[in-house]
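Naming follows writing order (A, B and C), and every chain is counted from residue 1.
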Amino acid sequence: MMTTVFNIENLNLFYGDFHALKNIDMVIYKNQVTALIGPSGCGKSTFIRCLNRMNDLIPEAKMEGCVRFDGEECQIGGYDVIGLRKRVGMVFQKPNPFPMSIFDNVAFGPRQQGIKQKEVLQGIVEKALKQAALYEEVKDRLTSSALSLSGGQQQRLCIARALALEPEVILMDEPTSALDPLATQRIESLINDLKEDYTIVIVTHSMQQAARISDYTAFFYMGELREIDTTEKIFKAPRLKQTEDYITGRFG
Amino acid sequence: MRKKPWRQVILDGATYLATLLSVFALGMIFFYVIREGAHLLSFDLLRGDYHARGFVGLVEEETQGSFNLTGQQGENRYLVERLGLVLEQSFDLAGDGVIKVAYIDEASPLRRLTNQDPTSEQSFIGLETGAVLRRVSYVDHPTSLTSRGAASMARDMNDPDRALREVIFSTEGGGIRGSLITTLYLIFITLAIALPFGVLTAIYFNEFAPINRVTKAMRNFIETLTGVPSIIYGLLGITVFVPLTVRLTPAENANLIAGGLTLAVILLPVIIRTTEEALKVVSQDHRFASLALGANKTQTTFKVVLPQALPGILTATFLGIGRVIGESAALIFVLGAAIRDSVRIFEPSTSLAVHIWSMMTDEPANIALSSTIALIILLIVLTLNLAIKTTVWAFDWKGRRS
Amino acid sequence: MSQKHTALSKIDALTQRTLTIFGIVSASFILLIAFFITIRGIIPFITDNNGAGAVNVWLFLTETVWLRGPTFVSSAYGVGFLIIQTLYLAFLSLFISFPVGVLTALFIAKIAPKRLASVLRSIVELMASIPSIVYGLVGVGLFLPWIHALARALGQQSAGGLGTLGVMIVLALMSLPTITAISEVSIRSVDQSLEHASLALGATPTQTRFKITLLAAKSGIFSSAILAIGRALGEATAVSLVAGNARSGPNFGLFNITSTLTSTMLEGMKETVGIDYDIRFSVGIILMIVILITNLILNTLKKKVGNVHA
């Protein structure tokens, strides 16, 4: 039996009057890649942002229900979101390295936690960059600007930046949508490697990507979770006609 | 909830504190200027002369009498029945303590004094209500001085033993009419020059100028003007505009035309930039539509494009007025700092801002009247800011509706 | 633009030619200023100034006294100490205005609710449009007595509060809105995804604001400081009211009287002929050069700092 990382119970999210997520019940398993698919505006990005409470930044967003992380209590007001975000990392759609050096980018998270010693930071940065399969390419220019890297390298740097905090979960919001096919391929194989140690939740627009890299696939539509199962089942024999239509590209 | 580390509390605290300080700074300026200057604000101040005109009158024949002054009593009022005069301990427009004539009887001997001013053709002068008494001297008795107060002066004058010899009085000074009129003149002259010049230049750059290295350099040159300190414009004024206006106009020295020209150069980059921004947002479709209707480019520019840029030009006008009202250093150089009561455009005089500078560099500095003028300037600036906001708002609203 | 390819009618050609003249005249004012001030300002150095003797350029630039010897007779003018004091005061004022301005901008752009932010923006705009003479007046009336009291409390001498500290405060107040307004715009335009990335890494909002937002906006913030320095170097009337107009220096003490290039130019405006008049233009040249060089250095610095990780 696989352990669960997230238990989501009856999750609802409103943007003002707009009901963006409706009664979501879902489980996310440890050391698995869960892909979230669905047409634009279906709520999958909103959902992933519930997992590390990034929706808290939108003043009119209101969350109801439960997102239980690691068997903890129900998340409601007053919850330690900072602590949560340290354990649940996130990679964004567009590579967004900070305007500082490669080293400082990766060391940013640990430094905010109060780690000051140079040697410790060096160890963390090196390990994270290695995990993100970027170390060999940048080891000679750790002090040069992160913005001098290519788009694919920048995205791997952002992954390394998230890994430096040694999170348990990594959320990826369409991490390859701004990248070329070759860079995409590298990220995908990286995701495959990372799954050994991390739980990964990824939002993607590409059916092929979901099929290639994920173990579980969840299909969202109009703010509802329509279907979730192993990727194999979803792609070979979906329960719903709607899911099949979407996967085969009949709408979306 | 995690406890915030002290470092973050300090950083947050500093942010809030800084904002409070900024707001406090503005509040402080208004508070100070109002506290020091508001009490002098009056219509008479705006109307009055700054320089008190002094008179020296000799008392030739003194008719001893006793005037009925009932009904003239009041706070700080002192009756001089012997001469039919009521003195009042009061303040002039600039806030200095003075002794004023609160009432003078028709038959008072002080209505007819021999004028001691040899340069004047007037042989007789007389005290009027509102005149300021500076000094009263007597035959064989010590002089009454302003500094001893109205009560003492009234007592002395009422004393039948003291024969009046000489009365020194003046009109009430401390008004700012001259500087107010100068400022209005300067606004008018400056805008009359800078607005057409700036708007036409903006039209040139936005509608007609080719885009090449030369026009780019020209734009840079104009942009550089914004970084030039106003005192340098003052130097430009005295070397170029004053000699130029002396040659071309009846002016013989520094004059308001030269001042206006100097200010016009200061305004130029602001007007050009603001107008150009307004021209830029005019839809290209309107230009094409006009051209397609057979209008030539000149007609298109002046009949179609320019009217749509009017809010921008209006904003530029308000900004310009604000700049003229606030300018001091350049005007001190071009026009000097001598406050005038009668203003002529071919002569120098001070604007309100220079009026402040002039009084603040005097010994002793007149802070009260300076604050009053500053208050007037602040009120105008506030109004201009609101006017700009309204213009922008009205334009947005209109634009959204159509 | 298509102007080049459009055939212009006769009237359009005439319009274009007329407008070109306006463009050229507007663009030439800066040259006019440079030309005439140089011509006038160079006179004291190349003529014998009606018997007073030519001003020695080297001594002029390095002297620690404004005028050695009697007025009208001596030509031993010097601005060395004025250059130093002018720069010193401008940068000193930045110690107050820069942190306060940038943090205020941060508050307006990132913390304040919409309505409060717009009120604060109006306040900053209003402060920016207050004429400098008003700042000078408030400086004299409000701050000088405080400074004087402070000096006495510290057992220091002060000339009624006139001097370095007063100039510093007045200049800081004047440049505060410039720094706030420009910094605010650049802080507001920082890419939000950077801030989100930082928050997603478990950084607190405060850490994000100070470590990421300010860092990403540093180019605009630096520009605001350059602009403020430029204004502070050229400010004349407000400074002249609170400086105390020292005739020699350089004086660095907070309670010492001081003077700047501009305040010295405003001194003794009554003389209108001779070297005492012409020397003002020489000071004007120096002022322009000081501003130009400071701007150049700061802009190079900005490019260097800004380019490190951009």
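We adopt the following convention: a residue touches a chain if its C-beta (ideal position, glycine included) is under 8 Å from a C-beta of that chain, and two chains touch if they have at least 3 such contacts.
For clarity, every value in this text was computed on a predicted model and none was experimentally measured.
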item	value
Chain nearest the overall C-alpha centroid of the shown protein atoms	C
Distance-maximising chain from subunit A - centres being C-alpha averages	B
Winner on C-beta contact pairs when B-C is weighed against A-C	B-C
For subunit A paired with subunit B, centre-to-centre distance based on mean C-alpha positions, whole Å	65
Centroid spacing, where centroids are CA-atom means, of subunit B and subunit C in whole angstrom	25
Cα-centroid distance, subunit A relative to subunit C, in whole angstrom	49
Subunit C, residues touching no fewer than two other chains	204, 207
In subunit A, residues with contacts to at least two other chains	82-83
Of subunit C, residues touching subunit A in the complex	191, 193-194, 196-204, 207, 211-212, 215-216, 308-310
Interface residues, subunit B side, partner subunit C - complex	4, 8, 11-12, 14-19, 21-23, 25-26, 28-29, 32-33, 36, 197-198, 200-201, 203-205, 207-211, 215, 217-219, 221-222, 224-225, 227-233, 235-236, 239-240, 265, 268, 272, 296-298, 301, 322, 325-329, 332-333, 336-337, 353-354, 356-357, 360-361, 365, 367, 370-371, 374, 377-378, 381-382, 384-385, 389
Subunit A residues touching subunit C - in the complex, by the definition given at the top	52, 54, 57, 82-83, 85-86, 89-90, 92-94, 96, 98-101, 108-109, 112-113, 145-147, 158, 161-162, 165, 171
Residues on subunit C engaged by subunit B in the complex (per definition of touch)	1, 3-4, 6, 8-9, 11-12, 14-16, 18-20, 22-33, 36-37, 39-40, 99-104, 106-108, 111-112, 120, 122-127, 129-138, 140-142, 173, 176, 180, 204, 206-207, 209-210, 230-231, 233-237, 240-241, 262, 265-266, 269, 280-281, 284, 287-288, 291, 295
